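So, here come the structures, one by one.
Look at the two complexes coming up: chain A is in both, with chain B in one and chain C in the other.
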Partner chain A sequence: MDILFQSVLQGLLMGATYGIIALSMGMVFSVSGVVNFAHGDLITLSMFVAFTLYTVLGLDPYGSVVITVPVLLLLGGALYWFLIKPLAGRPVTVIQLTLGLMLIIQNVLLMVYGGEFHRVPSALENQFLFLGEGVVLRVPQLVAFGVAIVMSAALFVVLGFTDFGRCVRAVHQNPRAAALVGINVAKIQLAAFSIGMALLAVTAALLLPGTPLHPSDGLRYTLVGLLPFVLGGMSNFLGILASGLLIGIAESIGAVYISGTTGMALPYMMFAVILVFRPQGLFKGRS
Partner chain B sequence: MLEVTELRAGYGTADVLKGVTLEVRRGEFVALLGANNAGKSTLINCLSGTLTARGGRIVFDGVDLTDYPSHRIVELGIHQVPEGRQLFAQMTVLENLLLGGVGRNAKLKKKQKLEFVFDLFPRLAERRKQVAGTLSGGEQQMVAIGRALVGDPRLLMLDEPSHGLSPLYVQIIFKAMDDLHREGLTILLVEQNLKLATAHASRCYIIERGEIALSGVGSDLVDDPRVRRAYLGL
Partner chain C sequence: MIRNASFAAIRGTAPIGIFGIVLIASMILWLPEYYLNIAVKTLFYVGVALAWNLVGGIAGQFSLGHSLFIGLGALLPAAMLLKSGINIWVGMGLAALVSALLGVAMSWIAFRFRLGHLFFALITLAFGELGLLLVLGTEYLGAASGLFLPTGDSAFESVRLNFTGQSFLTLLAGALLAFGVCAWVVRTKLGYYLGAIRNNEDAAQAIGIDLFKYKTIAMVLSAILSSILGTLYARYSGFVDPNVYASPLIIVEIILFTVIGGLGTLWGPVLGAVLMVPLGEVLRGSFGDTLPGLHFVIYGLLIIVVIRLLPDGLIKSLRCDPARGAQISAPRRAAAKADI
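Our next item is the complex of A and B:
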């Protein structure tokens, strides 16, 4: 029983972070229609920036967000403006572009940092929280969960109740009408894209403590983001977050109860089964 | 106020507009009439910047906006109520109206303009929390007009606002346009319905196959045989 409780709880904590990756995908997708396959690699990139900051300045990964967030914000902006925007209206080419970007980031990281695993230690890394008998949680996971929930709530408020949020939804629902009411559509897309990238920098910092770092990690992060993004209905932000939690729990239960690689595949199997019965995702598409 | 000179525009290899020249003076209610495919929507889309002109000039209050993007045209005070209403269907009435006021100039006056719209169309005040896509066609048209008005337009352009509406709503919409005109708003109306447009507009242009075929005071045009010809393409 304790093991079940422990794995569900741990999955829930992990899942919130996956939810943020997926929300960031949702943010990018909803304004520009782009599914970014380099998402996870941008997380790895941000992690390596944090790694560099640690080796050079001795910065804690949590502290390095002060630098990684602006870096990814600018990088995301440039990526959108110079690579994705010129390809507007050619969705297949954009997918090829993001796939190519994925390979470029991976190999540049491999070239610069080499193929061995790295670590970025954090002050919170070896802190644990004991909940009753046998249930132990790592403090970095609790932090990740807390920050993920706060960021999702903030995103929800911004999108739901501010002029900027209304503009983002307007561009998503009807770009032509958005232009006609005077919204600078390209500017909103740029902003939403950049914010999506900044979220990835935060995610990278949340994942770093205790996680070994390798240039090829990106695809895994892309996948754990892609699953809830699709399950959640691609533009329903609450649905995406809930699906993130679900994927986290499936992953954790799979790892504990099913041995070996089959266990690790549980979230993907669950994903496939759900899509067979509900191809539109678990939650109805609403923005 | 608005001067269009020798405007050419089109899609693909075909020119839809083959040199259109027209003018809207401050405080006027001008109608642009024509059959299907005559180029009415093409013209209004050029004026809104959603279609780029291939030649000619569009000048508004001395500003040449021929190559302006849409959001800058809105900043100048030219607002379009598009054909088919083009609401943000999954948002509430209030959210749709608020989006009309996100332009740089409109932000300050938004509250006051919102009240103005609710006075003009009390029905929208009742339905402000309702999702726009679930409204009737006539109510949606009110939202589309209200959304443009919240932006504090100096020139209001409407693309076939009567299309698909019941006679009762057509009456409400045209009465609203008359009221707005009387209060000093400049209006450019694109219409297919000749009788309706000539009854309300002070001046009309008839567009035929991408060119202005005729212009004049509404009541004179109704009985003009050339109008009939332009419409029927004889």
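Our next item is the complex of A and C:
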């Protein structure tokens, strides 16, 4: 029972981070109708920037967000403006483009940093929190959970109650009508894409303590973001976050109760089974 | 009318085609071993790119899950040969059958409701990863360590031909089979139905085309071809590594070749693979130690260049008579509007 409780709790903590990756996909998708398949590779890119900051300046991964967030904000903006925006209205071509981007990021990292695993130690890395009867939580996971929840709450507030949020929702519902009432659609899309990328930089910092780094990890991060993104109905933000928690729990239960790689397949199996019954995702509708 | 026209076209090009095939086949006589190996790899990619293009290009359903079929075709017959002593050609047939069933299952999940192209790409990628994880956890299929096939034993042992030469011929046959199926599809009603589905699903449905049925047919044909090519190439390469054959990365490569050549055209996948695979191999041969992954970076950069400068692929810029290219590739922009 303790093991079940522990694995559910741990899955919940991880799931919040996956939820943020998926929210970032949802944010990009809802205003520009495209999906970026290089999402996870931008996370690894950000992790390697943090790694460089650690080796050169000795910066803690949590501290390095001061640099990685602006870097990804600018990179994401440039990416959107110069590569994705010219392909407006052709989402399948954008998939092809981002698949190419995925290969570029992955292999440039491989050429620069080599194929070995790297680590970025953090001050919080080996801190644990004991919750009575044998339930142990790693402090970095708690931090990740807390930050993820705060960030998604902030995102909901921004989308629900500010002018910027209202513009985003207007572009999501009907870009042409939004343009007619005077919203600069391209600017909103650019902002949403850049914010999505900045979220990835924060996610990278949250994942770093205790996670080994490898240039080819990107696809895995794309996939753990993709599952909740689809299950959550692609543009229902609350649904996406809830699905992220669900995927996290499935992953952690699979890892504890089923041995080896078959356990890692549990979230994917759950995903496939859910799609058989609810092909539109668990949560339909718009935020 | 269409029948007659296509027969005339076939009669006209048949001598050139046969001459071309003989010329390619003669490579086993004059091409040095190293280049012959590259040629075998190229033929494999030509075949799988053609097979993928049937679903991803001609039918316009952007699948990222074809690694399932290639991986199944590569791993299942190899495992059956090694663990149960079943002839590899029997295994090839069985793997093709399982792939076809899997194709039907995937189509059933994805095409029952019209959920859009992005959705299809996303869920097929998840299915591809699921397949890889399941293979890595299955001892019978070699798990994470892969399978070693003995090279040299084959049905043609009596023929005096080295193993690379034999493999070249079997892969050539596989690629020709894929080309033949695609050429047949684009010339028949099925091809026109698929083209209509790609260009505008609403209009296609309105004129009475059964979307689910024809998308599923394309998927099954493509799954069978991918699986057969997987078997042929696995038999040649000897070491069957699930992280190569069943990984979504192989699909990314295939898509890039197809798009660079010309998505949805008959010759595009051929051109893309024939240009890119040897380029990649030569780059890997010269920079593999100092700059690993350079060929992937170049693939990635090329796709961006092609998308920006030649949105219909290289094949469109080579064509002298636009009418023939337009037959299946022109209305891509229109198709894009119907996306999401």
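Rule of thumb we're sticking to: the second predicted complex is superposed on the first by the 287 of 287 C-alpha atoms of A that agree within 3 Å, B and C clash if a C-alpha of one lies under 4 Å from a C-alpha of the other, contacts with A are read in each partner's own complex, and residues count from 1 in each chain.
In the analysis below, contacts are C-beta pairs under 8 Å (C-beta built on N, C-alpha and C of every residue); 3 or more make two chains touch, one makes a residue touch a chain.
Keep in mind the model is a prediction, meaning the values are calculated, not measured.
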| item | value |
| --- | --- |
| In the superposition, chain B vs chain C on chain A residues touched | C |
| Touching partner for A:Ser30 - first (chain B), second (chain C), both, neither | neither |
| First, second, both or neither for A:Thr203, with chain B first and chain C second | neither |
| Partner chain in contact with A:Ala272 - chain B first, chain C second, else both or neither | second |
| First (chain B), second (chain C), both or neither touched by A:Ala179 | first |
| Which superposed partner A:Ala170 touches (first chain B, second chain C, both, neither) | first |
| Contact residues of chain A, present in both the chain B and the chain C interface | none |
| Interfacial residue positions of chain A with respect to chain B in the complex | 163, 166-167, 169-170, 173-174, 176-185, 286-287 |
| Touching residues on chain C, where the partner in the complex is chain A | 60, 62, 109-110, 112-113, 115, 117-119, 121-123, 125-127, 129-130, 133-134, 136-138, 143-144, 248-249, 252, 255-256, 259, 291-294, 296-297, 299-304, 307-308, 311, 333, 336-337, 339-340 |
| Parts of chain A lying in touch with chain C, wherever the complex brings them together | 29, 33-35, 37, 83, 86-87, 89-93, 95-97, 99-104, 106-108, 110-111, 115, 219, 223, 226-227, 229-230, 234, 260-265, 268-269, 271-272, 275-276, 279-280 |
| Residue ranges of chain B in contact with chain A within the complex | 48-50, 69-71, 74-75, 79-80, 82, 86-91, 95, 98-100, 102-104, 106, 147-148, 151 |
